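What follows are several structures.
Heads up, the next two complexes both have subunit A, just with different partners, subunit B and then subunit C.
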Partner chain A sequence: MVKQSQLKGWLYLLPAILFLGAFMIYPLFDVFVYSFEEGYNFASQSYFGTGSYNYAYVLRDPYFISALKNTFIIVIITVPLSTIIALLISLGLSSIKPLKDLFQTIYFLPYVTNTLAVGLVFMILFKKTAYSDGLINMFINFFGGKSVDFITGPYWAKMFVMCFYTIWVVLPFKILILTSALASVPKVYYSAAEVDGTRSIDMFFKITLPMISPMVFYLIITGFIGAFKAYSDEVALFGTDLNSAGMNTIVGYIYDMLYGNSGGYPSYASAAAIILFAIVLTITVINLMVSRKTSIR
Partner chain B sequence: MKIVLKNLTKKFPNRNKKQGGDVIAVNNFDFEIPDGKLVGLLGPSGCGKSTTLNLISGLEKPTEGKIFFGDDDVTSLPAQNRGVGLVFQSYALYPHLTVFKNIRFPLENLRGEDKLSKEEMEKRVKEAAALVQIDELLERKPSELSGGQQQRVAIARALVKAPRVLLLDEPLSNLDARLRLQTREEIRRIQKKTDITTIFVTHDQDEAMSICDLIVVMKSGEMMQMGKPQDVYDDPVNLFVAKFLGTPPINVFEGKIGNGGLYIGKDRVMDIKTSSGDKEVFVAVRPEGFILDENGPLKCELGRLEVMGRDVSIVSKHDALLNDSGNIRSIVNSDNTVDLSLSHVGFSLKKHKVFVFDKETEERIRFEV
Partner chain C sequence: MYESDELNKIGQRAKTVKRIKNAFIYFCLAMWAVIVLFPFYWMLLSSIKSYATYNSEFVPKFYASSPTLANYADAFTAVPLGRYLFNTLFFTLVTTAVMLVVITLAAFAFARLDFKGKDLVFTLFLALMMIPNELVIITNFATITSLNLRNTFTGLILPSVTSVFYIYLLKENFAGVSDDLYYASKVDGTSDLRYLLKVLIPICRPTMITIIILKVIECWNSFVWPRLITDKSDYFLVSNGIQEIRENGFGRENIPAMMAAVVVISVPLIVLFLIFHKKIMEGVASGGTKG
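The block that comes next holds the complex of A and B.
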């Protein structure tokens, strides 16, 4: 009887296992193998030899180093900033009563807005054209500053736009999660704290934050993973030739190695992908360890 | 600390806008709680007892009326400046803090002159913990405690800042029956020891009767009666109070006053003198107010016996009975014997266990025998 019901269970799982196996597990495994095969060629299914040469090449490639640097900057700036901003907005949202639903909808709009439309808005804000320097430059000019070329200009300006965009895009989801997390903290804790004369700043740090910490950690972990995998946002802002724009990311580098102008190098792409995987894994494990230590049982 | 409520009224806006008007949770409360007493606010759910407690704690602002602690008017004071300790129904222990830190929490908020040193705080926490006998549990998290232990921690947290008034909101409702008995004794002991004026809210009349110095019976935002538990039990002012207090509940019959006598249905149960004149009434008899008497005036249809050691509970029926259960429950000493082969049982009644209420107003009609 036990055997039969177990068999049934496996049968139900079979479609999922097949698809996950074919499209997730096998490719993962395959990438790992490619990354150790020098000069693998899709067409002829051949390679010159095995070893760590691909890793050595990728780690010395200045494009990869620059992509690594860009990715890290984006991660380090956008993940904490977006989480803090989302937390502030959520706190604001949960403490107002009138028009709360309206504001919640407004803050959630970017989440459902088409990327192309978003790109257009950012172009109007930042892009220099023959007719205008963009809205932001108009502001800068108004206050007596000189126009900055945000899209093809200096590195810091491009990085600013990039981080601004990334934060703006990830905010809605974080606000959604955090407002519901805040709403789920039982009101009675605040009543108890109020009777005991707790200042509102202490209420936040001693009650609210610890109570929503599981959700905050969830957002930080998924934020790190998402930011490390950044690519499409870069393309939306700076076009497909990210290397010449100096704004490439690790995923962008992998894509270029596979299909870009310098494409046709699956071995290098695989090595870069495995390096990315190792980085994300390390950061996530650290995150989990920190969250386990601090969160409530 | 004496607590005085003057014309205290709290209205909430009606959620259902079509109905309009306000919901009156507390209506024109006027009473005084003497210093150092344990007072029970008692009533069915939704009668406004928790709102009253919140008004006293300062978590809610009254629509009208005033609250005094001693001679201080605290009506406009925010909760933290009133010096109240509040124990919530769900205890509201901070789940991420240890028992020690939970109890210390109120002390950390003290500022200015009242600010305590770390050693002083630790001393106070240990004292409070010792008072409620949880010294051993200080390093645990609330999730590792039983309901009764959590309750003690909550009381310790409320007491640690030496409040002027201790408020308990349904403190026993989350405990199992055995723990409830034990904890209510515990609350009584702590209250006696600290001598803090304590108000506790409950819907369980047993709880209130057993430990309170005074009880306040409430119904839909109005105070019905206030007094010592035994006095209220023995002398209810209206039918609601009579029905609300006592287990098993009081037996209510349809009856009338006429020809100088009190009738239950057609049975003339006693001769009475009253100033109210002849009228239809409700007659309520406490279960212990029945005396087995073959020739007694109240004739009931015998149902069954429930022997409970010391007492016997006789379950019977009467045409004029209004009890929800449909049964009269009378409790007599187990020395009495009832012949179960008979279909009827006769009772005479103890006059001080019989209450008569006006049929319209449900107010008590006093009589003499």
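The block that comes next holds the complex of A and C.
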């Protein structure tokens, strides 16, 4: 009887264990093996040595350096900016009553859309072609500026669209989380502060922000992780050949090494993936330490 | 008398300030709503302009003077958009269905059954949540390739039928159901599986529906894995299909037809969202991941 119930538990778990074992646990070890096998080749299934050459190669590869640079720029611009905008919008949302639900629903819409499909719309809005300068350039011209090709033009312009689109894509989640965090702050605190005649700006920094700071930190941490893994939004705007567009990201570099025209090098891809993981882990640990320190104070 | 007059004035001024503040807030919120909605409007608008009209507008117009549905016909005939849609639908349904079975059984084992090593395995499962997809996808690509499963639905589906996070979510939900029901059904001689199917699942239906919807959204939008594992357009999902259309579909400049395809791809999820928006937003707020 006892034995049977023991077995039963494992039987129920079996499918999950099989799938996770084959597609998560085994690969987790295997990626480290790959990353130390020098010159591993998919076609011949052979390699010529073991060592840290793959890491050295990746770290010297100009494509990787540029991917690293792009990713860091995206992270540094979009994470703080999107968090601040989301906070402002959520504060606005929580201070109104009529139309609140409608606004909330509209703001969440980008979360459910296919980012590759909508990215194409952003592309045509910003792109300058022989037929048309595009809608955004029309506005720029209207205000007296000169047309810029945001999709195949200068680096800063491409980076601008990139960051703009990324923020557009990540805001729904952040607004949703922050709005529900704001709604959970007990009203009593505000009433008490109002009796004391506290200014609203002080109320924000003394009551609201400390109350929602765990959620803000959660968003910053997940924001960092998400932004470091940026890839499909880039493809949506600039196409699959990100290297030639000069807009590749670390994840893009991994996939390019693995597959596609420049692919077939799982060892380099693995080394790059592990470097990415190390970066993300470091940043996350720093974030956690900062958030712990702040909340203790 | 004098004092109350003064007070009235102050009150009135506070009211005006508040009104101006409110108007400003509404203005800002409306602005952002426009920025969110505009791309959707633009894709619809561009998709009903004819090819000639679209290209003759050096300054794009905000309306379509002679709307046409020809682009939608093009989207389904010039490129295999129907095929992409069918593939995605099939992939989404099978993946979601298989995943539901796998996670329900696992969640039930963790929540209700007693066996040695349960806590250890559960902790291990939770630890797996921290593993980024990028780290395991390389080996998965090699595995699927060596099993000769590239360009098959099996290869597309297999790696995405488990989710530790959903197991965790469901387990918490199962564990919240009162023990009495379980013991009562035990007394009645109900088997564990029957109890799971007849009692637990109906009670936890809201959570299961949330999980289904979130998984469907994830499947419909998945891009990276399908891109690695398929290079025949017969097996493309919509994300890969739209990328293919962009790179060598209608010819580079046929943007109206491209936008028609974009609309067709976006509509199913938008409809799903309009029906279930409360549920989706609750689900994501209660522990979804970033978009």
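The criterion applied here is as follows: the second predicted complex is superposed on the first by the 275 of 297 C-alpha atoms of A that agree within 3 Å, B and C clash if a C-alpha of one lies under 4 Å from a C-alpha of the other, contacts with A are read in each partner's own complex, and residues count from 1 in each chain.
Keep this in mind: a contact is a pair of C-beta atoms (placed from the backbone, for glycine too) under 8 Å apart; a residue touches a chain by one contact, two chains touch by 3 or more.
Worth saying up front: this structure is predicted, and the values here are computed from it rather than measured.
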Combined model on subunit A: subunit C and subunit B, fit or clash: fit
Touched partner set for A:52, first subunit B, second subunit C, both or neither: neither
Touching partner for A:282 - first (subunit B), second (subunit C), both, neither: neither
Touching partner for A:198 - first (subunit B), second (subunit C), both, neither: first
Which superposed partner A:15 touches (first subunit B, second subunit C, both, neither): second
Subunit B versus subunit C as contact partner of A:210, first or second or both or neither: first
Greater subunit A contact set [subunit C / subunit B]: C
Contacts of A:26 with subunit B and subunit C, given as first, second, both or neither: second
CA minimum distance (subunit B, subunit C), superposed complexes, angstrom: 6
Footprint overlap on subunit A, where subunit B in one structure and subunit C in the other make contact: none
List of subunit B residues in touch with subunit A within their complex: 57-59, 78-81, 84-86, 88, 90, 92, 94-96, 105-106, 108-110, 141, 143, 157, 161
Contact footprint of subunit C on subunit A as seen in their complex: 5-10, 12-13, 15-17, 19-20, 22-28, 30-31, 34, 42, 88-89, 92-93, 95-96, 99, 103-118, 120-122, 124-125, 129, 131-135, 138, 168-170, 172-173, 176-177, 180, 222-223, 225-226, 229, 231-232, 235, 239-240, 251, 254-255, 258-259, 266, 269-270, 273-274, 276-277, 280
For the subunit C and subunit A complex, residues of the former touching the latter: 22, 25-26, 28-29, 32-33, 35-37, 39-40, 42-43, 46, 55-60, 101-103, 105-106, 108-110, 113-116, 118, 121, 125, 128, 131-132, 134-143, 145, 158-159, 161-162, 164, 167, 192, 217, 220-221, 223-224, 227-228, 238-239, 242-243, 246-247, 253, 255, 258-259, 261-262, 265-266, 269-270, 272-273, 277, 280-281, 284-285, 288-291
Residue ranges of subunit A in contact with subunit B within the complex: 186, 188-189, 191-199, 202, 206-207, 210-211, 213, 295-297
